[in-house]
Amino acid sequence: MTIQATDAVLLDMHERMVRIRIFEEEAGKLMENGKVPGALHLYVGQEAVASGVMVHLNDDDHITSTHRGHGHVVAKGGAFKEMYAELYGKADGYCKGRGGSMHICNMEIGMLGANGIVGGGIPIAMGAAFAKKYRKTQEVAVSFFGDGASNEGSFHEAANMAALYKLPLILVCENNGFGEYTRQDAHQAIVDVADRAAGYGMPGVVVDGMDAIAVYEAAGEAVARARKGEGPTLLECKTYRYYDHVGVRGMGLSYRTDEEVEHWKQRDPITMLESRLVEQGILTKRKITNIHKRIREDAKQAIEFAEKSPLPDPSELLDDVYYVQA
Amino acid sequence: MAEAQLDTAQAERKLAYVNAITEGVREVLLEQPDAFVAGEDVAGAGSVFGYYQGLLEQFGPERVIDTPISEKGIMGLGIGAAATGCRPIIDLMFMDFLGECMDEVANQMAKMRYMFGGHAKLPVTVLTMSGAGMSLAAQHSQSLEAWLTHLPGLKVVAPATPYDAKGLIISACRDDNPVFVILNKLSLALEGPVPEGAYEVPIGKANVIREGTNLTIIAFSRMVHEALQAADQLKEHGIDAEVIDLRSLQPLDTDTIVASVKKTHRAMIVHEAVRFGGFGGELAAQIQELAFDYLDAPIGRVGAPFSPVPYSPSLEQSYMPNAKRIVAETRRLIGI
Amino acid sequence: MTAPLGIAVNPASGKDIRRLVARASVFDNQEKRAIVRRALVGAIHAGAQEVRYLPDSHEIARSALLEVEDALSAEAVDAPRTGSVLDTVAGARALADAGCGAVLTLGGDGTNRAFVLGWRDAPLLPISTGTNNVFPVLVEATLAGAAAGLVTSGRIPLAEAADRAKAISVTVEGEHDDIALIDAVVTAERFVGSRALLAGEMLRLALLTRADPAAAGITSIGGLVRPLGVDEDCGLLLELGPKGDPVAAPIAPGLYQTIGVEATRVLAFDEDVEVTGPCVLAFDGERERVLKPGQMALLRLARNGPWVIDVARTMRLAAERGLYRLDGAARSKRSAG
């Protein structure tokens, strides 16, 4: 009756987390080496959140994401090839080079896009949840957003409406302690964003966002509640991004100390999960090495694919501004 | 023009603009099970303008939904629901409230399909109310169509007549793109022929509502009626004006405009919005780009002065463009 | 003689997954801050002058103290702020070193357990702002502060105001020791995860310091089979499993589950209970430690826990001694003489 992570689930979460980590590390290198245009916001450090939530979802459950969205696409089942191609701005990318990092999406797996506007995805996920209830499905919608977005009006309006209509929505606040370069204590007078849930009439819980199993259990309860028609949940995951707001080294601003980053890395979500998997005899160190190797190889091939993919033809510039009835 | 006039001729029944809106929405709710209406005071109150009255009773609270006063939320609801299989009709009570939800409109709704490489389809229709004339002052009287026509990805229509109101609402709701239907509050009581049942007024097709030979007046929304009155008055001055009701601003029926100007050699553009930076500037630019050699006079523009909409009736009356101003401006332009 | 009053607030209490599963109480941090402030007012009126507080990561204690700073001298003790349980453990030690005469704790059973890990015989006045609140008491903060203030100001001696609690000492082979105040539980789960102990079907063994049929938590299982009071010098050992007699018990607030009780035994002090992994040990309602296959742990019960100040008794003594009457101090001296 309670949610227990089976071996299969643990392996699945682990796979997703390692895929995110490797995808992002390689993406960071591509950006720093000037291989891809634009700005990438990397998800490294927060892998347990996307993975612990996403293992509960199906393709017909929808999510909205943030400017830091690659991890959500990977965890929802996105393919490296189309993802890297999109970062390169190539024709084979998920958005045919129209969106790039900040708008990467895959509608077929219920991924309603990264979003360049902080808080922009929250009302959209609420709308998706509304549609799911309207169409009397058992599906859910999940919106990922940060502590910074919890100060946007869009969060408050969507939270209020989700609670009012008892929508199957899970609001996942990835509290990484920073709104861009501004520390949380300089942008809100509270520490637990989950405290805001009470103001809208929904449950709010805090969970260790570095612990995939903790996220899995809490998200499982929230998703189950939503599927049963019991309404939305605000799930706050305390986490941390290892890299800068943009890119790896970013602008080199001294808004946080190396000690702080190191302190969080002591509780690295992947290392912690792997040590438990080894302790429980679910994986061996050797098998873990092989998993990393296999995924690294995937990434390498996907990057080669993206490199070779053609650039979009300028003659297609105006395609898809509007839907044209066939 | 032919198809509209034909349908109009068949329709013997007359209906007020407000009731034509209701009929349009009702037809959509009847034919599209995935369509619902959501907005502030749309259900219990039947809209503050009355155009949803009876729909709650007919379709129930699951399909006619009162929302909190949360325009970001309402617009987000429309976007998210449209992207995931519904066909929402979103009511933005006053167009002036666009400011409360401009991110959802400009950055999300308009761009989602393009940003996603064509993988998203957003069949959402927004009904919203524009226009001055009721002493509702600066925040409930604006005509902000230029804010919307500047956004690739949106379609924008502005019906002037009851017939077009119903037909354009049905077309908008059958379209798989986001469409704004800009209604006009001073036209709510205006009566005109409206056929029963569902019919479409095509989006992107202007209506030559009066034929003429030596001036083209281009207008939309309520200004169409002021333009028609002006055309009557201009006749006394020897001017035989053609009047084009644009109906659709985006996409714009440039062909009809250009064809008319090539015939009449003069163009007068009329809208209720502030003239400076208004949609008329775009129309004037396109006319001179496409028909410069045919023009016998500078292109005229009538719009509101560069001021917020005032409250006092005396100020508001002098603020709003009308037939008299159109006549005066035309005579000044042509020198008669 | 007066001693400083200690304050330890757990900012993380009252926020975990049990809000979802069982609709357990929510204690947002504004509420915790208000509780601290009310307790401080009670303490000031009881004669408290000095406060030493644990610098929690949410600055709850500090922000409450700012509101009454004229009436008290307050100082944070030197303790880490990692946002983890270690803050409470290290903070407890620091409060002990500061010589606190009584400590107000805000949290649930888990918070007090962590505190006692750092300061075994702490003089506690636990105010419940947690999920499982068997150890702390539901009491108006003003009076909790008053009782604690009466103790720190020396006006009611600790020995009169408080009783010593039972505790379960946990020794884990090859690792650091641990403690439980209400219950130590063995579950067949594999991970600590979200910590909450919710899977009744996985429970295997429970050692209880008290078996309270009027409480929510694992203690209720024993309470509904064989009640055992805080004053009895023994514990209760339950063997649990699917084959046992089914008992419907509220194993968490708002959550009844059917638990199979295979055996019940009153356990004397200093009688060891041996546990072997693989399993997870849960203390006071939360999964805490994973025992690896073959790893051993010993559970031992004794009355060697913290001192717990009884608010009702303390206030009754204060009333009897006229401590709140305007000439109360003089009368108290006379009657004592």
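Residue numbering begins at 1 within each chain, and the chains themselves are lettered A, B and C in the order written.
To be clear about the criterion, contacts are C-beta pairs under 8 Å (C-beta built on N, C-alpha and C of every residue); 3 or more make two chains touch, one makes a residue touch a chain.
Worth saying up front: this structure is predicted, and the values here are computed from it rather than measured.
Enquirer: Looking at which chains touch, is this a line, ring, star, complete or other?
Expert: Topology of touching chains reads as a line.
Enquirer: For this structure, which two chains have more C-beta pairs in contact than any other pair?
Expert: A-B
Enquirer: In terms of Cα-based centroids, which chain occupies the most central position?
Expert: A
Enquirer: Sort the other chains by how far their Cα centres are from that of chain B and give me the top one.
Expert: The most remote chain is C.
Enquirer: Give, as an integer number of Å, the spacing between the C-alpha centres of chain B and chain A.
Expert: Taking the mean C-alpha position of each chain, the two centres sit 40 Å apart.
Enquirer: Between chain A and chain C, what distance separates the C-alpha centroids? Give it in angstrom.
Expert: Using C-alpha averages as centres, the distance is 37 Å.
Enquirer: Once you find the CA centre of chain B and the CA centre of chain C, what distance in Å lies between them?
Expert: Comparing mean C-alpha positions, chain C is 67 Å from chain B.
Enquirer: Write out the stretch or stretches of chain A touching chain C in their complex.
Expert: Those residues of chain A that touch chain C are 1-2, 4-5, 190-192, 194-195, 197-198, 203-208, 211, 213-214, 216-218, 221-222, 225, 233, 238, 263, 276, 279-280.
Enquirer: Please name which positions on chain B make contact with chain A in the complex.
Expert: Against chain A, the touching part of chain B is residues 34, 36, 62, 67-68, 70-73, 75-86, 88, 103-104, 107-108, 112-122, 152-153, 155, 176-177.
Enquirer: Residues of chain C touching chain A in their complex?
Expert: Residue positions touching the partner: 11-12, 15-17, 19-21, 23, 26, 28-30, 57-58, 82-83, 189-196, 198-202, 257, 278, 290, 292.
Enquirer: Which of the residues in chain A come into contact with chain B in the complex?
Expert: Where chain A meets chain B, its residues are 62, 64, 93-99, 103, 105-108, 112-113, 115-117, 120, 122-132, 134-135, 141, 153-154, 157-158, 160-161, 164, 319-323, 325.
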